[in-house]
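Dumping the structure here so I can ask a few things about it.
Here the chain labels run A, B and C in written order, and each chain numbers its own residues starting at 1.
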Amino acid sequence: MTNAGTPRVALERFLDRWLPQIVVSPLFAASLVFVYAFIAWTIYISFTKSGVMPNYTLVGLAQYERVWSTPRWYVALQNLFVFTGLFIAGCMIIGVLLAILLDQRIRLEGAIRTIYLYPMALSFIVTGTAWKWILNPTLGIEKLVQGWGFRDFSFDWLVDPQMAIYTVVIAGVWQSSGYVMALFLAGLRSVDDEIIRAAAIDGAGPVRTYATIILPMIRPVFLSSIIILAHLAIKSFDLVVALTGGGPGYATDMPATFMYAFAFQRSELGTAAASAVMMLMTVMAIMVPYLYSEIRGSAK
Amino acid sequence: MSQAQSGIVRRQGPRQIALRILLFAVLGLFCLYYLIPLAVMISTSLKSLDEIRTGSLISLPHEISLDAWSKAWSSACVGVRCTGLEPYMWNSFLMVVPAVLISTFLGAINGYALTKWRFPGANVIFALMLFGAFIPFQIVLLPMARTLGYFGLAGSVYGLVFVHTVYGLAFTTLFFRNFFVSVSDGIVQAAKIDGAGFFPIFFKLMLPMALPTIVVSVIWQFTQIWNDFLFGIAFTVGDSNPVTVALNNIVATSTGVKEYNVDMAAAIIAGLPTLLVYVLAGSYFVRGLSAGAVKG
Amino acid sequence: MNKFSLLMSAAAISTIVLPTATFADGTVEVLHWWTSGGEAKAVGELKSSFEAQGGTWIDSPIAGGGGDAAMTALRARVVAGNPPTAVQLKGPGIQEWAIEGSLNDVDDVAKAENWDAVLPPVLAAIMKYEGKYVAAPVNIHRVDWIWANPEVLAKVGVTEVPTNWDEFNAVADKLLAAGITPLAHGGQPWQDATVFEVVALGIGGADFYRDALVNLDQAALASDTMVKTFDQLRKLRGYVDQGFSGRDWNLATAMIMNGQAAFQIMGDWAKGEFLAAGKAPGKDFLCAPAPGGAFVLNSDSFTFFKVEGEDQLKGQQVLASLIMSPGFQETFNLAKGSIPARTDVALDKFDSCAVKSHEDLTAAIAANSLVPSMAHEMAVSRTVRGEIMDVVTNFFNSNMSSADGVQALASAVKRVQ
């Protein structure tokens, strides 16, 4: 290197040292602003008397008291737990089952997999009407089966306030279980065949091989699937709006629809913000341990 | 790794054949479960309005008619404009293509920088960014509107591209970071010793390796952004609406004679691009997921 | 970094090419949710009249949820500092936005054309903020109608629509016994609330209605009359068919047309459905005012938002004048099924139901029994309306007792005041 090149070398050294940070920092800054600053704004609004538009007069905890004194909020919370629990369980059971079945050297695997996966491609804006028809007692399955001669057949969950939330689960599982299947199929494919062969030589049957050897090996897939499903459940909005509109009555209301209704239908931004903050706290309760394990896991 | 070897039910015999039949029966039943809504939509879109009114919604069409499809594509009315979905499909493409490419590219470089050039705090930064994937979008609507207004991006396709890029970043970074974590550091070290810098390693070495992950990221982002409705209604104006908003305007009308066949045809048309992406790239999707995106 | 700032600047430059080019005779961008059938046709009339005067019309339709989606868009647009020129917005919602300072007034036009003299006072008050017109009404809908299929009624020997709720129940029981669904209804909160307010009017009369659902008087809300209202609502629940939940109102109207049900309680936009299907009033379907001897008012209007620039301000003035012109009021309302908001428009071209509506309107103004609709956002803020709807729809879809329902109603209203 000549003397003239020295500044260039210095620059290169500088870039070598700092380029990764320089690349990451604007993206990180964007996320600070568009995620964290917006969350902070929402938290602030939840302590104000904002109505039709943001208003910065503080009112203490009044909006939280308002949320917790609204019967509809309790329905939304209860639905969230029922839905999240059943939705995750349903998607996991079906997803794992289908992944294992598809892993058996099936002919037509590509086609079948596409069929299982396609609901993920469509939004409920697209499929909502079809689901509404299928589940509606005077139009869909009930009418069809009665038409076959089973006069006593009844399937009216969609219009029964006690049962309507389960129809939301059915449609939700329909949409997301294929994705879980894909995740597990990918996981199964990444398991070393030697291990499977070794298990077969040991005389372990297929059920035992899966239950005690293969599935435990892809434990991380369980974790990421559950996290993805939990966040889908908490954010579920299109699903409820398209299928039941929150009804009958407000029997299928969820926190996301509750918040939307208060913010945009009722002009109560403050109350909506308070419910949003509680939603965020739920998301954090799930996500923080996951992120913590994520960081620790990759730091080792 | 190849799928031919990974099956476990492999011995032949009557019991195995019975199991095999059971296997196909279960798989077939699930195919039905997944296909019924689509079947209802397709069969309805092929019926005439009279047949829909008189018959059962689930039954098959007696006479197949494509009128509803051509109407949904080119002449259904969205408000006072009777242009069908066609112009809105282009709007969506104009929005989706840049948003998907930009967010995938940025996610790739981000994931690469965070894993292969690990600097102090990289993991914390990743965790903080990842949380962005989990915030309910309804809460960012108003502050985002203010921001877009401030930058003069409100009501334009560019604003929408920007919003989708920002909120897609968390997911794309997650995908690429999980992939690059599984790539041996030795490769990068060797390249560094050879004198390659940050960008050459990325473009020449890492990006080609990450092809399956790129596919996953593109599929995921394409689906999410194409299907978005909330940002579409909030941040675009009339003519620049994405197709989901136009579809909603056709389907969710409260008055007038409901043309269910047109509604259904419109819904399928609006869903067709994402459907095609899944059908055509579905096998890459699973391959890409197993290449790293599921780990963690 | 490069890519990012490139994106930003590229985007910033391109926004200049938005569809806001200037025209000499005004530009309006109109946000509305009239996207189908007669309504879209009605907006089309407005658009072509506006363009005939040399203006430019930018259409921003957002359908769904009775305007909920459009309201979401509106809020985002106002926050972004990019409001539409005119928005289909009604009732106390107009005041809410006016208080925020988001509206322009069109009082010059209103004064020059003397709107005060031609609008019903109740309606004019809703259109004004601090004495100035900030919105222009396009129509008057009557909410308290009962629609019926005479052929179906004839099957149980009935020829007239009942005039009080006891009679209604008697007829409905007969219909049930004959295996006919007495009431076509769609289980959506606003439809439940529509039936609720019509029943409240019939049970308690206009004064009770006003005390309870407009002035939100706790004594009226918790009164025995309200208990009776809920009792009647519970009875009506027994008269609907199994698939009512989530049904759109126009499908319920179709049930009347097809003879699948006998009655529907719905505003006169239902008439548009009958007429569009080629049905004749008095022959194929009957329209009768619901019990109560009053008039429940619903009116659509366009509200003018705070926009800047000569071009758009001009557009607002032209649009305001156009909306209130007798010619437009006639063509629009013929398409929409309502009656003109102006009381001085001749009704020669309108059908018998509309003429009846207009007569009752005039009588109700004189008798002070013209009341604004709660369910249709004419009477109370969206907040209060939302709470009332929650209670009503929850009551209608559960086994709650009337006493509990009234209790819940009173406390829900108290909570938001």
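Annotations for the structure displayed:
Going forward, a residue touches a chain if its C-beta (ideal position, glycine included) is under 8 Å from a C-beta of that chain, and two chains touch if they have at least 3 such contacts.
As the structure is a prediction and not an experimental result, all values here were calculated from the model.
By number of C-beta pairs in contact, B-C leads over the other of A-C and B-C. Ranked by distance of CA centroids from chain B, the top chain is C. Taking each chain's centre as the mean of its C-alpha atoms, chain A lies 14 Å from chain B.
Between chain B and chain C, the centres computed from C-alpha atoms are 38 Å apart. Residue positions 23, 27, 30, 54, 139, 260, 263 of chain A are each in touch with at least two other chains. The set of chain B residues touching two or more other chains comprises 106, 141-142, 144, 230, 248, 251. The set of chain C residues touching two or more other chains comprises 4, 65, 72, 75, 79. By the touch rule above, chain B contacts chain C in their complex via residues 77-81, 102, 105-106, 141-142, 144-146, 148-156, 158-159, 161-162, 165, 230, 233-235, 237-239, 245, 248-258. Listing the residues of chain B that touch chain A in their complex gives 1, 3-10, 23-24, 26-27, 30-31, 33-38, 40-41, 44, 56-58, 106, 109-110, 113-115, 117, 119, 122-144, 147, 166-167, 169-170, 173, 181, 197-199, 223, 227, 229-230, 244, 247-248, 251, 260, 263-264, 267-268, 270-271, 274-275, 277-279, 282-283, 285-290, 293-296.
Interface residues of chain C, counted against chain A in their complex, comprise 1, 4-5, 65, 68, 71-72, 75, 78-79, 93, 96-97, 99-100, 102, 187-189, 192, 241-246, 381-383, 385-386, 390, 393-398, 408, 415-416. Listing the residues of chain C that touch chain B in their complex gives 3-4, 7-8, 10-12, 14-15, 18-19, 29, 32, 34-40, 43-44, 47, 58-66, 69-70, 72-73, 75-77, 79-82, 84, 248-251, 269, 272-273, 276-277. Residue ranges on chain A touching chain C, taken from their complex, read 22-23, 25-27, 30, 51-54, 66, 69-72, 132, 136-139, 156, 158-159, 161, 164, 244-245, 247-251, 260-268.
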